[in-house]
Structures are given as structure tokens and as C-alpha cells.
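Let me begin by handing over the structure; questions about it come next.
By written order: A, B, C and D. Residues from 1 in each chain.
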Amino acid sequence: MSAERQQKKGNMMKIGMIGLGRMGGNMARRLMKGGHQCVVYDRSQQVVNDLVKEQAIGASSLKDFVSTLELPRVVWLMVPAAVVDRSISDLLPLLEKGDIVIDGGNSYYVDDIRRAKELMPKGIHYIDVGTSGGVWGLERGYCMMIGGEQEVVKYLDPIFATLAPGRGDIARTPGRENIGGTAELGYLHCGANGAGHFVKMVHNGIEYGLMAAYAEGMGILESANIGKAKHEVDAETTPLRYPENYQYDFNLADIAEVWRRGSVIASWLLDLTATALTKDVTLKNFAGRVSDSGEGRWTINAAIDEAVPVPVLTTALYARFYSRGESDYQDKLLSAMRFQFGGHHEKPA
Amino acid sequence: MSAERQQKKGNMMKIGMIGLGRMGGNMARRLMKGGHQCVVYDRSQQVVNDLVKEQAIGASSLKDFVSTLELPRVVWLMVPAAVVDRSISDLLPLLEKGDIVIDGGNSYYVDDIRRAKELMPKGIHYIDVGTSGGVWGLERGYCMMIGGEQEVVKYLDPIFATLAPGRGDIARTPGRENIGGTAELGYLHCGANGAGHFVKMVHNGIEYGLMAAYAEGMGILESANIGKAKHEVDAETTPLRYPENYQYDFNLADIAEVWRRGSVIASWLLDLTATALTKDVTLKNFAGRVSDSGEGRWTINAAIDEAVPVPVLTTALYARFYSRGESDYQDKLLSAMRFQFGGHHEKPA
Amino acid sequence: MSAERQQKKGNMMKIGMIGLGRMGGNMARRLMKGGHQCVVYDRSQQVVNDLVKEQAIGASSLKDFVSTLELPRVVWLMVPAAVVDRSISDLLPLLEKGDIVIDGGNSYYVDDIRRAKELMPKGIHYIDVGTSGGVWGLERGYCMMIGGEQEVVKYLDPIFATLAPGRGDIARTPGRENIGGTAELGYLHCGANGAGHFVKMVHNGIEYGLMAAYAEGMGILESANIGKAKHEVDAETTPLRYPENYQYDFNLADIAEVWRRGSVIASWLLDLTATALTKDVTLKNFAGRVSDSGEGRWTINAAIDEAVPVPVLTTALYARFYSRGESDYQDKLLSAMRFQFGGHHEKPA
Amino acid sequence: MSAERQQKKGNMMKIGMIGLGRMGGNMARRLMKGGHQCVVYDRSQQVVNDLVKEQAIGASSLKDFVSTLELPRVVWLMVPAAVVDRSISDLLPLLEKGDIVIDGGNSYYVDDIRRAKELMPKGIHYIDVGTSGGVWGLERGYCMMIGGEQEVVKYLDPIFATLAPGRGDIARTPGRENIGGTAELGYLHCGANGAGHFVKMVHNGIEYGLMAAYAEGMGILESANIGKAKHEVDAETTPLRYPENYQYDFNLADIAEVWRRGSVIASWLLDLTATALTKDVTLKNFAGRVSDSGEGRWTINAAIDEAVPVPVLTTALYARFYSRGESDYQDKLLSAMRFQFGGHHEKPA
């Protein structure tokens, strides 16, 4: 346990966790490892029982869950964004003035603003936490972006400090020596309600852009042997002007690996790329239908509201739409236009 | 025949046409209709014979072709870009000082510059003509963008005047009353060698952008009923926030039609779109694999050399690449990364 | 007057127009020319008086305006989108069951859906009309995209028929001979409430894309002489590899003109481009700060909700943001990163 | 010194370095620290003298430089791309069969292919090395991507091993345990001539994309307080629909910092971003004119030749063009079109 977390040890808390999936379960585990008490609840009694074996206090119902917590109650929701509102309305009759509800999932920040406003008259505090770290968080810690009232965030500090990675081995940013704050520990109070999910939303928007940058680059390398292929000569095919310049059979796994070592583009996403390519450079187990789960879209919406140009983040999102065949009608229309003006027939695949 | 072309009638020419495909054959027809004599040659004797029935002078060999022309010979090449160099080198031993070779196809303008330089020492003139009009040119006339020596272009004026649409019904651009020149007639000497194909290249680059703009817009309209569909609720699917706002079943053929009438986006490409959608709004005879034939790519290369940002023209080109599955490897890599950091499994189609 | 409008002449209507700016004033004029009676109102009494001189019935107050109309009243709002809601709430106490309110401005279609729902219990009908045609509409007619209840739209047909361009000289789309409907006349009932502004929104989104395609292409042509410039040789400047390929001084006004004549990219926007370039090819009276007024943004939002990739429409919108300096902070950050990893100093302009 | 480099120590080499700028000088230093002998040459005698003080063998002329090396000579060029050809032709008369020329700068890989072909008849070997690491390489080591003949690359291994970072603290990629090779050490023989610079080119293309992704995201965060601003209500300004959602004053330095800690988007570029923002979050010392130095452009060219869609890398490049005002003419044209169709006047800044 790191020095700074050691320091907080006197301040152990009791926290309730609702939603024990990929993220929620591991967060409860990390909290308990850090000395906190966790009351856990999930629609599936099985996952509750599993965590009980690891020292969690299991709850068999929401009522049971709430009554096991102490005032002011701290309830951490780790459920799909689409379920948060229902979870809150189920909880609401059971909660009391001063209780704290934390949404640690992937909510749209606009919902945070609304929810905080709705809960305020009842004296219930709402905190939004954007959480990054995925399946690696249990071990590495979770990077957290937090929105809500200053005093409430401060009150919850021991929880955030435990969930976060802490300083670890990561070198200090030059100039931060006298700045202080928690950012260096991996969590940050970003601002008022919604601020946490706003920053997380943009984080994910950036993530889309980064991923696409690597993917596009790898795509170029993968096709660098195109000069070896026979090309048809017809009016529907652009001839490759200099086939002698595209004769490379690159080892993409090795290239991802070498870039991890001292290059400007080293990153954690590159580490994962290297892992994936080392496992199977053909990626044959993937069909290439890339999902998107909301944050990328909301990021673009925010940028457009602000009139900030974000072509990289946007075309990265669109690449996912294309990968799922969402341009099908437009593509047909383009072929139809070409047929109309030039009598061009589509070339078969 | 329009007034201005009438005027030129005294100046009828004899011209040789090599390549009698979709474009070349019709251009010969339009020239003959305009009173010029056409000597025609093609690899296929059949298409030569067809044009002979329409008053053309057929040639059975290149030698025959050249000897039938008069000095200075005017040879118009209307062959695939990939064949132009070979055609010229076949012709070269048969030509004489002062002869004129015109490339009316879709050559890369850089090749024009090189060819003109190669032919100059032999006293042979090279003219590049970018030709737009597609299968409609026979009837509507061809829009021509011309590069090469001033005097040579002037000498060929009767040919260009006949091939071009002339003023027709198209309203005069305000302010052109005292400007003169041939642009109003549908052909233009754009500059030195390569200038014609440079301008045609950019023309096609713009064409890609325009086509994609319509196609994207129609794509949005086509999916405007998405709120009626059942959507899965899972972490891999972005929920549609307001399904009530996407309940429209639009009649795309009618919409294309109404836009032709007084709207800001009326255009010839929209006319063709309306035709295609009127024929079959489902576009089911098209697979949506959209070809590109070089000019769009060269346009981007030129823009990048000039450091001019052209995201619209570029993403329009990329839409065609996507439509042909050229992002396959990148898409798989994106899914592989998502699996690595979040344990996300691809959703089947 | 066209044949089809003649036919409707028996069916002249009395209509109230609120908002007599660039669009509303001319629409009233076109309606009166077509034989309808217009009651007009505007915050500025001056513009009311001007139209009274042209046979309009002037109103000095909303109350006066409403009482001058006949049941069921037809009120056409032609005011800025931001003012529509206030206008409606001012009108509401004065209207009666069966009255019709038409929003002909640039409202967000989502507002139409809401307003129609709000007005329905009071028995007041709401119709949304997306209107294209700009300052040219008085003469050319207005292209109208209409949303709302079927019977109400039908009732208003004489008004739409008069405002629309009618068939005019525009050639019939092949295949429409037996289709019928009003699309050929330049107006279309697109669907339920909001459908008109939805289609108009996409229309404007396409417009952004088309405009950008021409602008980008012209940008490439304008810089085609870059090979003549002296280029600095330093690590911060990409050398131009083949300056000999960029020696063209193109006449952009002539090029726009020639493209109007028989080319694939002929359009009304190209006509306007030719006009602008003929007037002053240097465009020195413009600073290049390009506004956007909402529809382009909403189009992207809709596309993203539908998961339809629209990179052309989006990057066209972003080009406007860039033109207004909205990327300032990001640009500085890019320079800051370059300084950090490579010690690169910014090159002055 | 790392274990693997220790092992190579017996195999110390004598190497000549031409070009002692930001990169070349430090590379010589790192080589000497690793036990190699360096003969150094530069146009500036001063920088030669500086390195002589650090144990380098200085050369006063190219002739002197070449004669001080041993057969087969190893000459590493670290000069601007525009100067490489001249440097080689100056060297050529002095070199002998079997000598090795290494271009470690930022050459276009197509030039590598040509140069290797030109040098081959003379028995001189050409090796291209793409080098990443910037001003940090002296301390962190250089990531090297190498192209050329297998045996020659193998012969130079001690040099690459010393310049590279080696394994260091960076965790092994799971699955690489039994793979071997040098990629884990930070250098890689990527393939035949040009392969090194091809991979480096794509590396830089990716770098542009990554940088832009962070910059765009930070741009969104920086404008997240836009709801506090007064907005004009006019037809040229899109109203901000929900100002209450844009009330955040984010601390960008803290946000960059927190993302370094456990988030999915942690990277070395983010580390540098955090450093820059910690120093001055206003970035006021930068004007935001972002240079590009060729590799980003070549990357797009390669992608287009291969028909691989790379919208993220491309729009990242275009963002730099925009930042330098390269869209000026297009922007003016857009405003001119808007004036033509709608009478819109530009809004001043």
C-alpha cells in the first residue's frame, strides 16, 4: 500500500455497491483489500454470494441493502447507464437526508445535472464518477473523474484514494512538485455535478481517436505489399503507379513491440495492441464490427455545441459506423449516380 | 446549331480519333454532326465499322490511320489512361513535325507534362483535354478543360467549339457581358501542358465531394425511422435517447424531386439522383461497392503537396474505400483492442 | 402564371404573415402576386407600411392582426428560430380552435414535434415548413418541405402552390410521368409534424457539404502556382518535391464558368460561385469567417443518433469552425507538444 | 548498462557520424557512452570541437572523416532529408566497395529504394533507419526502425543495440516469452531498403493522429464554460440550446495528470501534454501555427495508393494546415457563396 493511502487508513468507510458486474465486483474487491467495508447487492444473488466469500456483506434486497448501511449512507451504483434512473427511483424511498448516491458508470453528464437537481430538495447528495481502467482496474487501480459538491467529494476521499492507482511507478510530471492535489494519485474532483462524466466522456472520445490512429497506421502497414498483387486494368480500377514501392511484408506484432520502446507513440493502448497482435497477427477471431457505447457520440455533440472542430474524434466514430455497414444505403446511391452519369457498372468483390 | 458555332463553320477540320469506346465513339459522332471529317481507329474492327456506317473514315491499322490524315495531323486519343503512353509510342514513328496529339482521356496531369517534354524535340505538339459529360455528352455536348501551347489550342478551336455544349439555355453569369472568351461555350484553355487534366482532376475531386454530400444526406433521411425499431439494451449498444424524434418514413424519390425545384442544392447530380431513386428507391440492384478511378486520389495528392486542407474531398474518397471493405484489418484491430482493455466481445450483425 | 397554378386560382386564400424580413416580406409579395390576400405584421411598423403600399393589409398589433383574419385563421410565422416560441405564446390567447399556425423559418424539427403536441389540446394545428430559396425566392419561387397533419396540409395547398416555383423549365425526371404529387411543383408534404424541418435540416447539411466541395477544389486551383514560390529549407517545412508540377496560374472565374456548361458538377451553387468570382476573383471583400446557423449542426446530431456516418457533412461544418479560429487552443497545444518531444519552435507566419 | 547490451560489449565498433545537430550529436554521445568509437563531422567546426571534448574523434573535412574510418566504413548520416542526396554524392568518390552508408534522418522511403539501387553497383551498402525519440533519446534511448540487407543490418547490430533503449522497466508483452528478436530491445529490422523509413513514416502519421486526438479533446474541455458567455441572437449565430450544460471551468493540467494514472489513454504524449499544461495552462507562448515536416503527408499518400481509408490521420494533418491559415481562400469563397444565395454578411470577429 502506498504511503499516501497508508496515511488515510485511519479513515476506513462502509460503502454500499449496487451492480457487481465486470467493473462493480472488482471495485468492491479493491475497496475491501484497502480496508473498507462493502455491502453488496446485485439482481443476481449468485454474484452477491461470491463476494460474500471474499468478506463482503451481502444484501438480499434493496431494503436489506439500505438498512445495513450507516448514516450518512454511501451508495455506489455500478450499473448500465440505461438502468441508473430506475435504480435511483427504487432507492429513493429508502434513503434519508444526507445520504450520498454515486453513479460510477457511463452516464451522460446531462443526466447527472438533472439527477442532482431532482435529489437536492430531498437532501440527498449526488456524485458522478467517470471511471477508467476496464478489466485491469482491480490490479492497476481505477482512474476517476469526479463531479459534485466539494464537501461531499472530500468526505468520500478515503474511498477514491483506495480505488485509485496512487502514484505508483509513474514519474512525476516536471513542475508538479509544489502543486499538490489528488490528480497525481489518479482521481480528481473536476467540478460541479456532471463534471466527472463530462471529463470521462471526453476521455472516451479521445480514446476513440487514439485507437483509430493506431488502427489506420497498422492498416497501411498491413497493405504495404499491395505492389505484389496483380491489378486489373479497367476504367473502374485506379492503377497502382509504382508497385515497386509497395513490396513490404511487415511483421506487425514486432512493429507494435518496437514502438513500445522509446518511440513518441508509446502508450498503454499500444501495449494492448502489441498483446493482441502477438496473440494472433491475423486477428481472424474478430469480424471487425466495432461497437460504440455512447460517450464517443456525446463527445461530438458537445464539441458541436461549443463550435469546436473535432474531425479526428468524429471520423474515428464514423469508422465504427462504417465497420458495421451503416453506410450501406449511401454506398448504393453513389453507385447508382455513377451508373447514371457514366454508365459505370459496379465491379464485383 | 448555335450562332457561335455557325460562325466557325467555314473552318471544318479533319481529325483522327483513336479509341471508340463510350466516350470516343460519341465524340466522333458529335464532330461529324458538326461538319468535321473523322478518321477513326480502334483495336476492335467492329466498332470502326459501326462508325463508318455513320460517315466516318475507317482505318484498318495505325499506319493506315496516320496516312489518311492531312498535315499537320490532328490525332485525338480517347483511350484508358493506362494505355496512353503505349499509344503514343506506337504512333510516334509514323508522325511528323508539326503534328498534334491530343489526350482527351483521364491522364494524370504529371504525365502530360512529361509527354509534352518528350515530344517537343520531335516537333510534335501535345495537348491535354479533360472531358466531362459522360454518356450524356453526345446530346448535351462535352465540357472541356484544355492544356498546352496557346497557338495549338487556338488552331484546334473549331474542334473544341463543336464538341462543347455552346451557350445553350444556360443563363449568362452576371458580369460576364464584356469578358468574352470560350468559357461560356463550355471549353477553356486553362494553361500550359497538364493544365487541362489538372483542372479536370480537381473537377472530379469536387464531384466525389458533391456525390458524397447527397449520399450522406439521403442516408440520414433513409434512417429517420430508426426510432420505430426495437433496440437491444446492452453495454455494446448506444441507446437511442429520443426514439420519438425518429419516426419518419420519408419518400426519398419525392424529396430528391422537390429539391430540384428552387432549392439551393439543385444540381445536375441531384437530377441524376432523382432519376435513380424514381426508378428504384431501394437501390436493390446495387451492392454498394463504389469504385474510384484515380482523379479523386490525385486531387488529394495535389492538395497535400500544396498544403491545402481538403477534408470533404478526402473523406468522400475514403467513403468509397470503406464501401469496398478496405478497412477490414483496422476494424478487426479496433475490436481486438476493445477486447484487450474492456473484455468487450463483438456483437454479431 | 403556370398552368397548374392557374387551375388553383379559384381557391384564393387569406393568410397572415408575421415577420417581414428578407424572406417573409418577399413571400407575402409572391402570395399577393398569386392572387391571395395577405395580412401582415412585424415589430417594425415601417416594413408593414411598405407592404401595405403593395396591397397588403397591414396590422398594427397582434390583436389587430388576428381579428383581421378569417376562421380558420392561417398564420405564417417567418421569424428567427429563437423567437418562434415567444411568437406562438403571444398568439395563443388570441387564436381559436381550428386555426392553423405555420412555422416557415429554420426551427429545429424537435421543437416542431413539441409545439404540435402543446397546441393539439387547444385544437390549433401546427405546420412546419422548411423553405429554401433565399433572396432569389421572390422571382424563382420557394422550394418547400412540409410537415404536419395530412388534411391541414391539403387545405393549405393553394398557398404552397403559389409560393413554389412550379414546373417551370426544369426537365421532368424520367419515370415520373405517372407518379403525380406536388414534388414536381416544388413543394412536398414530407410527413408528420417536424418532417418538413427535418428534411430542410438535411437539405442544409447537404448544402454545407456541396459548398465545401467547391471551395476546397477552388482552393487547390488557387494554390496551383505554389511551385513558383521560394520555399525555406528547414526541418519545420515540408519541401515541395516537384515544384515543376505546380506552375499554374489558373483563372478561377473562367473555370467556374466552364464547369457550368455540360460538366458533371454543374449546379446552382456553382452558378453563384461563378457570379462571385466574376465580380472579384480575389474575394478581397471577405475575411473568410464563415457563419453557421444551426441546421448543419442538427444534421450531424441526427446522423450520430442514427449511427449513419457523415464525414463529408461534418468536416464541412468543422471547416467553418476552423475559419472562425475555434481551434485556437488545440493548435497551441499541438505546438506545445512538438516543443516538448522534439524541441521544435513554432515558425512565424 | 543492461544485460543484453553488456553481452555485446566485446563487439565495439568504430562509426562515423555526419550531422551533429539535436539528434546526431546526442546519438554520438550515446554511442560513445556505450563504448563505441565515433568519428564526427559537421559543417560547423564548433560542434565538432564540442564533441571532441567528449572523446569523439573530430574530422576537419569529409576526406579526413573518411580516411579516419576503418574498412568496411560505417557512415551514419544525421542530416535534414533535403541534404541527404548531396551528402551521399559528396561521400561517394571517397568510399570503397563494402562500405556502409546509413541514413538515420527523416527521408522519404522512396528515396531509400532509389539510393540503394544507385549505390549497389558500386558495392556500397545503404541502410535506412527511422529514428524516434527526439530530444529525449540520449537518456531514454532511440527507437529504431531499420531497412536494408539482412547481413548488413546484422553486422551493425552492436550499434543499434547501444542506441536503443533496451528492455528497461517496460513490462514484457504477454506471449513474447519465446519469440525473441530485437523488437523488445527497441530496434527492428523491418525489411528491405526503405522498410525502416516506411515504418517510421507511418509511426509519424500515427503520431499526428494521437496528438490531434488529445488536442481536440482538450479543446472541448477548454470551451466547456461556453454557457457562461453572452451569445448574440442573430441569424448568423447558432444559439446554444442548453447553456446550463456548459458551465464548467476545468483545470486542464490536473485533468491531463489524472489521465496519466490508470486510464486507458495514458501515453508518453499525454505525459508531455501534462508537462506543457503544468508549465502554462494558457499556452500563451504559442501562436498555434503547427508545422508538419513531410512524414504525415507521405503517410496519406501511401494510404491512398493502397486504398486504405485513413480519415483520422488525414484530418489530423489538415488541422495543421488550417492552423497555418491555408484555407484562407476557400473560407472567403464560402462567405461569398453565402452572400450570393442568402445575402448573408460576414460577422466580424
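Keep in mind that, in the parts below, a residue touches a chain if its C-beta (ideal position, glycine included) is under 8 Å from a C-beta of that chain, and two chains touch if they have at least 3 such contacts.
These figures come from a predicted structure and were not determined experimentally.
Shared contact partners of chain C and chain D, listed by label: A, B.
Each chain gets a centre from the mean of its Cα atoms; the one farthest from the centre of chain A is B. Comparing C-D with the candidates A-D, B-C or A-B, the pair whose contacts agree for more than half of the residue-numbered pairs is A-B. If you average the CA atoms of chain B and of chain C, the two centres end up 29 Å from each other.
Measuring from the averaged C-alpha position of chain A to that of chain B gives a distance of 45 Å. A separation of 39 Å divides the Cα centre of chain A from that of chain C. For chain D, the set of residues touching two or more other chains reads 134, 212, 214, 216, 219, 223, 238, 241, 264, 268-269, 275, 292, 297, 305, 307-311, 315, 318-319, 322, 324, 327, 330, 341.
On the side of chain C, the complex with chain D involves touching residues 22, 80-82, 108, 134-136, 211-212, 214-216, 218-219, 222-223, 233-239, 241, 268-269, 272-273, 275-277, 283, 286-294, 297, 311, 315, 319-320, 322-325, 327-344, 346-349.
Remark: chain C residues 264, 292, 297, 300-301, 304-305, 307-311, 314-315, 317-319, 321-322, 324, 326-327, 330, 341 touch chain A in the complex. Residues 109-110, 113, 132-134, 137, 140-145, 164-171, 173-176, 179, 181-188, 190-192, 194-195, 198-199, 202-203, 205-210, 212-214, 216-217, 219-221, 223-224, 226, 238, 240-242, 244-251, 253-255, 257-271, 274-275, 278-279, 299, 302-303, 305-313, 315-316, 318-319, 322 of chain D are the ones that touch chain A when the two sit in their complex.
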